[in-house]
Amino acid sequence: MAQDEPTSAALSVRAVSKTFVTKPVLRGIDLVVPAGEAVCLCGINGAGKSTLLRVIAGLLRPDSGSIAIQGYEVRREPEKSRRQLGMISHAGMAYPELTVSENLAFAARLYGVPRRAERIEELLAGTGLTSYRYDRAEILSRGLQQRLAIARALLHRPAVLLADEPFTGLDAAATQDVCTIFDRFARDGGTILMTTHDLRLGLQCCRRVAVLDQGVLILDASKDRIDTRRFLDDYLSYARTMS
Amino acid sequence: MFYLVLGFCTVWVCHFAYLAVLDRQATQLRRRLEARANATPDRT
Amino acid sequence: MRRLLLALAFLLLIASTLIGLTRGQIDPLQRNILYVHVPNSVCALLCFVVVLVTSVGYLATGKQTWDLAATAAAEAGFVFATILNATGMIFSRAEWNVWWTPSPRLVTSAILWFLYAVYLILRVSLPGAQRRAARLCAVFGIVAFLDVPLVYISARFIPDIHRPNFSFDSTWQTAALMLGMAGTILLAAGLIWLRTSLLRDTLKLEQELLR
Amino acid sequence: MWLGLRAILIKDIVVELRARQALPTMVVLGMLIVFILRIASESAAAGGGAPVMGAAALWIAFLFSGLLAQERSFAAEQHNGCMDGLLLAPLDAGTIYLAKLLANIILLTIFEAVVVPLVLIAFHLHVAGWGRLVTVLLLGNLGISSVGTLFSAAVQLTRTRGALLSIVVLVLLMPMMIPASFALLVLFGALPERMVGSGSFAFVGSFPAAVAYMLAFDAVFTVASWLLFGVVVEE
């Protein structure tokens, strides 16, 4: 396959920029994430975190730059790149009228997952939703809906998982469950790019941190190379001093 | 004859009505630009 | 420059009317309205072609000016379509003493008018000027154009009570018609150009607020 | 009190004229309905009577309830970001369009099965050929659904309110109303099989020509909507 990047990079973002009408939201973002690594993307509201995620997912067309997932360029080979991608956003992407297993069966058919029933069982167990299998998605609690969203995103065994504020609205126990699922996914060689406000959790789940400020990545370093205590106090000023 | 005159009148009325609309838009724009222009000097 | 273009267009139109009514006069007086009706109907159709081209251009390049030109062309086209239908009704009133009959030509002209009207309403009611609203207008512009040739041009080729088989034979008459045609087309170009630059300036002004 | 009343009145009119949304939509919708009724019941050729009213009533009922049903076709996708879910799946937008188109066609066929017999009974019409009636209705159904699906997505995803979808679809389908009404009038026995003369029905000519015209419209609109659907749903 004609690939310019080494196949090891699960996700490579090259000089991506995006302007809404006149406001430049992303100004030349470069981010390469090898397989098996979890990156936590931090930034104030409006820094462009969600926009970057939507551009990487291919839902939003960047003005310039390119994104490749497992070597497949998102705009040029949408079908192949989307097969390698799973996404969790604020909205759970589940149909409230359908039950948990129906939602998963629908997603499995969309992605053409082989041996659907078996894979769904596996994910229901993995996310602890087996007992809610026949409940309609609308009656689930926020934590359960988030776990359903994760199950739906991991159904087709994606190489890269994008998570937009996965912990919002979750209580401590639910957050912990989500974190363990992420860890297991990363240990199995999956790549995660997560945005969050809650830095402590972000650092707990991910080994690498990136800070986005006014559309520019001002810090991108693995956890052990930064002074986590000062970072947690005020990550923006800390990141600015480092850039 | 009446219809002929009516016909030509409608044509000219329509054209000039649209030109009038465009002219009003232009003057409104000019007014906003001037308001913006002399507003900025004292702000900077 | 734009003033000059519009002035020239009006000069041509006045010349065409003068020649048409004096030397090139058609025998039953009310038929002279054709000197105005024909150019406007051609222009109404041409403007829709411009809407199509600019809509496709906007979808292909994403540049804002294409979208503004589409709006300008649609507005100019709407004016021409209104005139087209008005003079058409006056002509049929004078010719067959009835304001409107569903003959193919009148029906297709009415459809053209409706297409313009709906385009402009769509342009106004889609929220905000962001790219998605402009894209949807472009999509409508393209799909609506599919209505025009299917009906408008095909209506030309069948015998129809609307247009008595009458041709502008004498040189004066053809001259008047050609002048009228040139004048209306120049007028259309001038209107579109004027409106596009007006829209661009307003957009520039409004976008400054966002920065 | 009087001053306040006047102030509110003037403000409302100015706001409405400046927003320029509700008034023109209403006006154009009214004109479209009158226009379509005029085409569907071209009294000059059909000589009036039950068949003409029946055909006109059928098409108008068809158009409006079809539009109402289709306006919601993307409602399910609206909340919970399900539209993103579909766009993320490894299939192109055309496939989503075709699925939604078929859903709308099935929905409209069920509707047909109820309303058409009702119209036949209410206007006590007898049908020249049931097979031909079904084809004509199916072609009408495809016409409404092809354009309806495309623009209901556009209207739904931009959360616009009002009768926008109705006027858009009505105006695009108007050219098809001529052959459609002609076909129904022939089937209801109000028009001879072949027509010659100057009216717009004569323009259609004969029943096969009417069916051919409807088929042409459907083909053109379905293909165009299928190609343009990706542009409509892209953020």
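To keep things simple, chains are lettered A, B, C and D as they appear, and every chain counts its residues starting from 1.
Throughout what follows, contacts are C-beta pairs under 8 Å (C-beta built on N, C-alpha and C of every residue); 3 or more make two chains touch, one makes a residue touch a chain.
Bear in mind the structure is a predicted one, so any value in this text is a computation, not a measurement.
Visitor: Could you quickly compare B-C and C-D and let me know which has more C-beta contacts?
Guide: C-D
Visitor: Could you put a whole-Å number on the gap between the CA centroids of chain B and chain C?
Guide: It comes to 19 Å between the two C-alpha centres.
Visitor: With chain centres defined as C-alpha means, what is the inter-centre distance between chain C and chain D in Å?
Guide: 26
Visitor: On a C-alpha centroid basis, what's the spacing between chain A and chain B, in Å?
Guide: 52
Visitor: What is the distance, in whole Å, between the centres of chain A and chain D, each centre taken as the mean of its C-alpha atoms?
Guide: Between these chains, centre-to-centre, one finds 42 Å.
Visitor: Residue numbers in chain D touching 2 or more other chains?
Guide: 234-235
Visitor: Sort out which chains touch which and give me every pair.
Guide: Those chain pairs satisfying the definition are A-C, A-D, B-C, C-D.
Visitor: In the complex of these two chains, what residues of chain C are touching chain D?
Guide: For this pair, the touching residues of chain C are 59, 101-104, 107-108, 110-111, 114-115, 117-118, 120-122, 124-127, 132-133, 135-136, 138-140, 142-144, 146-147, 150-151, 155, 158-161.
Visitor: Contact residues on chain B for chain C in the complex?
Guide: Touch list, chain B to chain C: 1, 3-4, 6-8, 10-11, 14-15, 18-19, 22, 25-26, 29, 32-33, 36.
Visitor: Using the touch rule from the top, collect the residues of chain C that touch chain A in their complex.
Guide: Interface residues on the chain C side: 129-131, 207, 210-211.
Visitor: Spell out the part of chain A that touches chain C in their complex, as residue ranges.
Guide: 20-23
Visitor: Of all residues in chain D, which touch chain C in the complex?
Guide: 19-21, 24-25, 28, 31-32, 35, 38-39, 42, 44, 147, 150-151, 154, 157-160, 162, 164, 167-168, 171-172, 174-175, 178, 198-200, 203, 216-217, 220-221, 224-225, 228, 231-232, 234-235
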